[in-house]
Amino acid sequence: MDLHLLLQLSINGLIVGTLYGVVGMCFVLIYKASQIVNFAQGEFLLIGAWVCWWLLTKYHLPFVWGFLVTLAFMVAFGFLLQVVVLRPMIGEPVISVIMMTIGLSIFCQALMKWIFGVLPQPYPQVFAVKSVNIFGLEVQTVYLMAMAISLVIMVGFAWFFKMSRTGLAMRATSFDQQVAQSLGISVRQVFAVSWAISAMVSAVAGVVVGVVNGVSSALSFFGIKVFPAVILGGLDSIVGSVLGGLVIGVLENWAQFVDSQFLKWGNLYEVAPFYVLIVILMIKPYGLFGKRDIERV
Amino acid sequence: DYPIGHLNDFSGGTADVGKPYGQGVDDALAYINAHGGINGTKLAVDATDYGYQVPRALAAYKNWTGSNKVVAIMGWGTADTEALVKSVTDDQIPFVSASYAGTLTDPTGKGGPASERAAPYNFFYGPSYSDSARALVQWAAEDWKKKGGQGKPKWVHMGANHPYPNAPRKAEEEYAKELGFEVLDPVVFALTPGDYTAQCLTLKQSGANYAYLGNTGASNIAVLKSCETAGVKVQFVGNVWGIDENSLKAAGSAGNGVVFPVRTAALWTDNVPALSLFKEIAKNSDPSGKEYKAVHYLAGVCAAFYLKEAMEWAAANGGVTGPTIAKGFQAKANWVPKGTEGVCKPSTWTAEDHRPTLSVELYQTQVTGPTDSGTVSELIAKGTMKLNKVATIELPRKKEWIGY
Amino acid sequence: MLTFNEFKGSRGFREGADARQRGGTKGGDLPVTTDPVLVARDVSIRFGGVKALTDVSFEVKSGELFSIIGPNGAGKTSLLNCISGRYRPTAGSIHLLGRDVTHLKPNKRAAIGIGRTFQNLALFGHMSVLDNIMVGRHHLLKNNFLSGALYWLGGAQKEELAHRREVEDIIDFLEIEAVRHATAGTLSYGLRKRVELARAVALKPKLLLLDEPMAGMNLEEKEDMARYILDLNEEWGMTIVMIEHDMGVVMDISHRVMVLDFGRKIAEGLPADVLEDEYVKKAYLGEELPGLEAEEAAA
Amino acid sequence: MATATLRPCGDFKSRYAADQTIFPTVWSRNFCILGVVLVAAAPFLVDRYVLNLLIQIGYLGIAALGLNILVGFTGQISIGHAVFFGFGGFASCFLNSNAGIPPVLSIPLAGVMTTAVGLVFGIPAARLKGLYLAIATLAAQFILLDFFGRAEWFTGGSNGTVADPVSLFGFKFNHDESYLYVVLFYVVVLYVAAANLMRTRDGRALVAVRDYYLAAEMMGVNLTKYRTLSFGISSFYAGIGGALYAHYLGFMSIEGLDISFSIQFLAMIIIGGLGSIMGTLMGTAFMVLLPQLVNFLARSLDGSAIDHALGLHEGLPFLREMTIGAAIILFLIFEPDGLAHRWKQIKAYWKLYPFSY
Amino acid sequence: MGQMSAATAEMPTIATPAEPAPLLTVNNLEVVYNDVILVLRGLNLKVPEGEIVALLGANGAGKSTTLKAISGLLKAEDGQITRGDVLFRGERLNGLDPDQIVRRGIFQVMEGRRIVADMTVHENLRLGAHTRRDGGVRDDLDRVYGYFPRLKERTGLAGYLSGGEQQMLAIGRAIMARPKLILMDEPSMGLSPLLVKEVFLIIRRLARDLGLTILLVEQNARLALEAASYGYIMEQGKIVLDGTADALKSNEDVKEFYLGQGEARKSFKGLKSFKRRKRWL
């Protein structure tokens, strides 16, 4: 057994896991506000990554500015989505809205390909120091940035849902839109806020992935990859999604370790999280931190 | 008119390479039509972008074999080509794919011992995946000796567990063992880009010397980048669709030094007379004529021109129908379509063997600076990105290699 | 909608009903038979810190109409849930028809013969009223997904139609013919309660548990409901346990009454006796509370 | 009292049997019969392109119906339907080429085998609810797909495997013209079976579980059994659909069995109408025909004046994809309850799904 | 019918000319569900400021529908106002979103409790005050806990509360909102007799002390008419009778069918042998 390799893989898992966590939080945010699982989350990443790329390469903005403009754009985009697509769906069956996000993902995917082409594009060098050495593992600086940002976002979200009025309103909306409306909550507003924030935070992840791997339409696959993370943590738990992300990230890497050292299956890396996911769900049907359904008659 | 079907992927999962290739085919067919067609008869080309989705390819195929039956099809990917093998055989429609799987090279079904089925109407231009991989193995063996490597070099296959990356695996690993490599367990990574640091770390730890990248552009780029960060020192070799000018730009410095096969005898910027024809053809989609065209574009044009000449042969020998076109492909040996000499490589199809060529050109990428700004054309013109020929491998035409 | 006259004759269910003497019993009269249908012994249940039930024991005799009353949150519904299997008591046991059912799953208990209605309506909202009631027949039907899918071949059709007839009897009885094909979720509150009752009755239960059947009904409808319950008890011979806050109804129709407060049984007996209990008067009926007029005057 | 039924006036039923039929009106039954007859006559009327579309609608429609039984009727979302479809295809090929069982038998047998697999993957359904279960099925998608890629003995590994054409008494159904009848046969049988199922005991139990599982359990419905069973039934349909697909193509490989295929199945049933049997077929037709239609439009646009004016040529493929996405979105905005809703004019079941309990 | 005015579909005739304009007026309202099911057929109703008005009627008469039409919550159930209008202080409310209506000061206590099950009692109450910007929230919290001490003891999720406790919470939420007009749909449902009395006391106090106006749908007609100053009786989507509470209380039909004081009154036990249907139309 190569302990050094295991250590490196673990660190790598934590780092990738944080990114899963960030995207996971976006899922949870929307879910908490509307019970909708957003299948277009991956496209949000993609749009964020492309927009930032475009600002950086075409207008040669400094990264920080490009990044901020991207975030602002994504907020606007989230609002726009709400107005054009989601508003008519208020009060409609949740599953239809979920399907609609699938339509949205098809639409955005094609639109991005049309605008930015089908070829992958590299990001310019963003940080002076491209990577930092941690226990012998070269870690990209941008990953560290992502870790910091996601921590801040997580704390913010946790506070938001527990304490703020809008947070409460979101939870009520997701429980029952009619009830929420009867309490004077504007479902539109709740949707707008949650989609805007979610789009914005996704863009953070999108830019990070873009910086590391370059942008291409396949980046949206990330949206599917974080499903196990979110479920593992519990669909409605912000903390859970981050922890779930970390667990899945580390698991993937450990699976890779076990695979390469012992099993020689080849792609344990891809499927192991799903095996573990099922096992965990059989023990804890609502994930690690998910709230149980209230079963009272 | 001769109805021709053209399946392409400009928008789906393989669009990154499907675009330049399909563009090449498109332009070539348009050029052919603009210059007299097939002995005066035009081609009625019906191009369908099927987005790399088999059912759509199927629907398109049925459409083409309905009332106005096509005489030949320019195809694209692995999945659809495989799904249509039986149909095109039954319907006797020559199918020129851009899938170079070894299984398509056996027209009789009795080729080599590993051959599974007959594919008499499947054609492609260029070395098969398996032969390209063998050529890379052979090159690696020489490279190892040349560099004075000690002991057994280690070879590893990387790619998703999918038909396309797996197609050459058996041939490649067998040949590697034959040439004295130690073949490691394959490293699996998905067809989509992601963070592959984990794979790279294990790759590094395994001590491989040569790694074969079996996936398509985007995911290979991700691997190259991850491996660069992880500090992996391996000689990467790639599949034909694995790396090209566009993906090289995306990979940047991480893509430096990859060796990969090229189907044509020349690149866009080379000094070969026949390239002027290609440049003329390219004006169809790029009137300015300034754009650099990737290796896939050239291959697409060549493929279309082979079909053209096969059809011309058919026209002169009993009429343009599926079976006569297929015969047209097999009529000559070591032939090059007129006007493309020096670019398209001489190819031979026979009734028993559909491996057009066993001569593989190997190139190596070279990146000397940041690639994030500027177009591919500019980067090539500036010399920031370069493709250098490293070898031409001539493989023996072994009968037992037919069909895999 | 036609009222299926041709099948009116086939009400095997209620045979001999008219022969039985009716209307003569007053509150407190004991039913004919006395063997217990339901025996609960020292039933306790707690949720975290909340002791919803503490050592509650009681018996319900065959043919009895037994009412449970008590302040809000006293544990009445929890007790019903323990009997029907939704909750598993933390201690104690429940016997049904001489059989220990404490660890049986709810669906098994339904098959033994417990039917119930729910305090917060629990209809299958998107199904038709008819289908809702037919679900009640689940354990009585024999066809399965194979014979059901074959329908005409496996005898499923015959069976379904036979049961449909009996269900129509129940529909007639509860006077919901008009909404037979309506989607349950669109009915008004009161009608839904009635459909729920129909569904529970369709189960052919030996023990029927009713959780506040009169809630949300006006006087007239309460009268109707009381009539249905009495009919079920006396003519269809069902043993009934009922939770209800309307004291008028409880006193008039039940044979015996049990009072729960803070999860404990504080009284049990004939309605009139229970009504006299001082504690009940004060903590449940609030007789000491000033009336609205008095309050007005005080202000 | 308002009756919420929307039967035509005068359509009174005087016998229970008549009131229990699959078709709410005589008209709708005749319409269905007419549809079957028309399809049966199709080989004489239309070309192979249309036949191919009909066949696609057929085998996908069967699989989609399975998914609708699971999602629409039982309320358990599955994002892994494609692999069960694939399993059926592989199983039939396997039985056919390894055990020499003729396709006539191997297709139903493949359905049975898929049922078994479905039951195994349905085990979590007994414990998991809503989206947690949905993601567990996503896990099934990845796990089974990985299995397909690796189990060379069964699937031919990543190379795929070949299948014989269906033949009966020496007649080979190896052309679209004849294969259409095979598919039509299965469609009719399986759709009628599903309609029957839904009006009998077990079908009602499934719907009851969807609507209010706690109440269903107390009405005597065994939750574990029915939740798992619905996976079994759903897989059976998927398996048959997949097997029909394999024998149609004569070839089966794992390419194409990815999540997006699973999601496409979901799209079919949501657009058709959850919990509606005929709606499933309509939804399938919509999803099969939409790309064709858009393709057709794109083609007629290609090279036209509009194309030149807007310079669309480059973007046409993307425009086409976008149109498909937009069509789904618009469709849902205007008909969130699916085609069946419009078709029957009866308020669909799904107002509060899946969070009504 | 003595001093009572029989309600007609065309013109409601309750208000005497001298009275100020009522807070809420419902004119000739028609409501249709799913585009086909006509439930309200020209309903007229007035609620004067500061008063408690009772709306009585049989199951399925359309009482809840009326309230939902006023508060705009119909939309979520595929219901639609097809004719007539709802005026609040002269402003037309038709077509407004429910949350906007709440912001104008109309709050509905919905039938069947409808508390947010996966939040705590405290959070539910805070939600009630969602639209409030003033600082009195804390005081009102204390007020609610004062009315219903039992709620204070319940710290878990609201979904686990007993039926009656949930009803208390639903009423408490309305108090937290401090609207101008509360639409109460069967507030006494599922409450113990003691609490029913208390709830009516509370309703009275709210109207008197805080100046709230209340439109009360209630099956307990006796208490409702005791608390209210005016009453409407509706059947099949129309008002069939209205008058001051006292007048209604002494109406023979109301006595018999709603208050159970008619001559024919028997014990519940004795009712089974005969069956009547009231016909007021």
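All chains are identified by letter, namely A, B, C, D and E, in their written order; residue positions are counted from 1 within each chain.
Operating definition for what follows: a residue touches a chain if its C-beta (ideal position, glycine included) is under 8 Å from a C-beta of that chain, and two chains touch if they have at least 3 such contacts.
Computed from a prediction, not measured in an experiment: that's the story for all the values here.
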Common touching chains of subunit C and subunit A: D, E
Chain nearest the overall C-alpha centroid of the shown protein atoms: D
Chain of greatest Cα-centre distance to subunit E: B
Between subunit A and subunit E, centroid-to-centroid distance (C-alpha), Å: 45
Rounded Å distance, subunit B centre to subunit D centre (Cα mean): 37
Centroid distance [mean C-alpha coordinates] between subunit E and subunit D, Å: 47
Between subunit C and subunit D, centroid-to-centroid distance (C-alpha), Å: 41
Where subunit E touches two or more other chains at once, by residue number: 33-34, 37, 60, 160
Touching two or more other chains - residues of subunit A: 110, 113, 267, 270, 295, 297
Two or more partner chains touched - positions in subunit D: 1-2, 4, 146, 149-150, 214-215, 218, 318, 320-321, 347, 350-352
In the complex, subunit A residues that touch subunit D: 31, 35, 37, 39, 85, 88-89, 92-97, 99-100, 102-111, 113-114, 224, 227-228, 230-231, 235, 265, 267, 270-271, 274-275, 277-278, 281-282, 285-287, 290, 293, 295, 297
Of subunit D, residues touching subunit B in the complex: 47-49, 51-53, 56, 146, 149-150, 157-160, 162, 174, 176, 249-251, 253-256, 288, 291-292, 295, 316-318, 320-321
Subunit D-touching residues of subunit C, taken from the complex the two chains share: 1-2, 4, 7, 84-86, 105-107, 109-111, 114, 116, 118, 122-127, 131, 134-139, 141-145, 147-151, 156-157, 160-161, 164-165, 168, 178-179, 181-183, 185-186, 191, 199, 203
Subunit C residues within the subunit A interface of the complex: 77, 81, 86, 118-120, 122
Of subunit D, residues touching subunit C in the complex: 1-5, 7, 12-14, 16-17, 19-20, 193-194, 196-197, 199-205, 207-208, 210-212, 214-223, 229, 233, 275, 347-352, 356
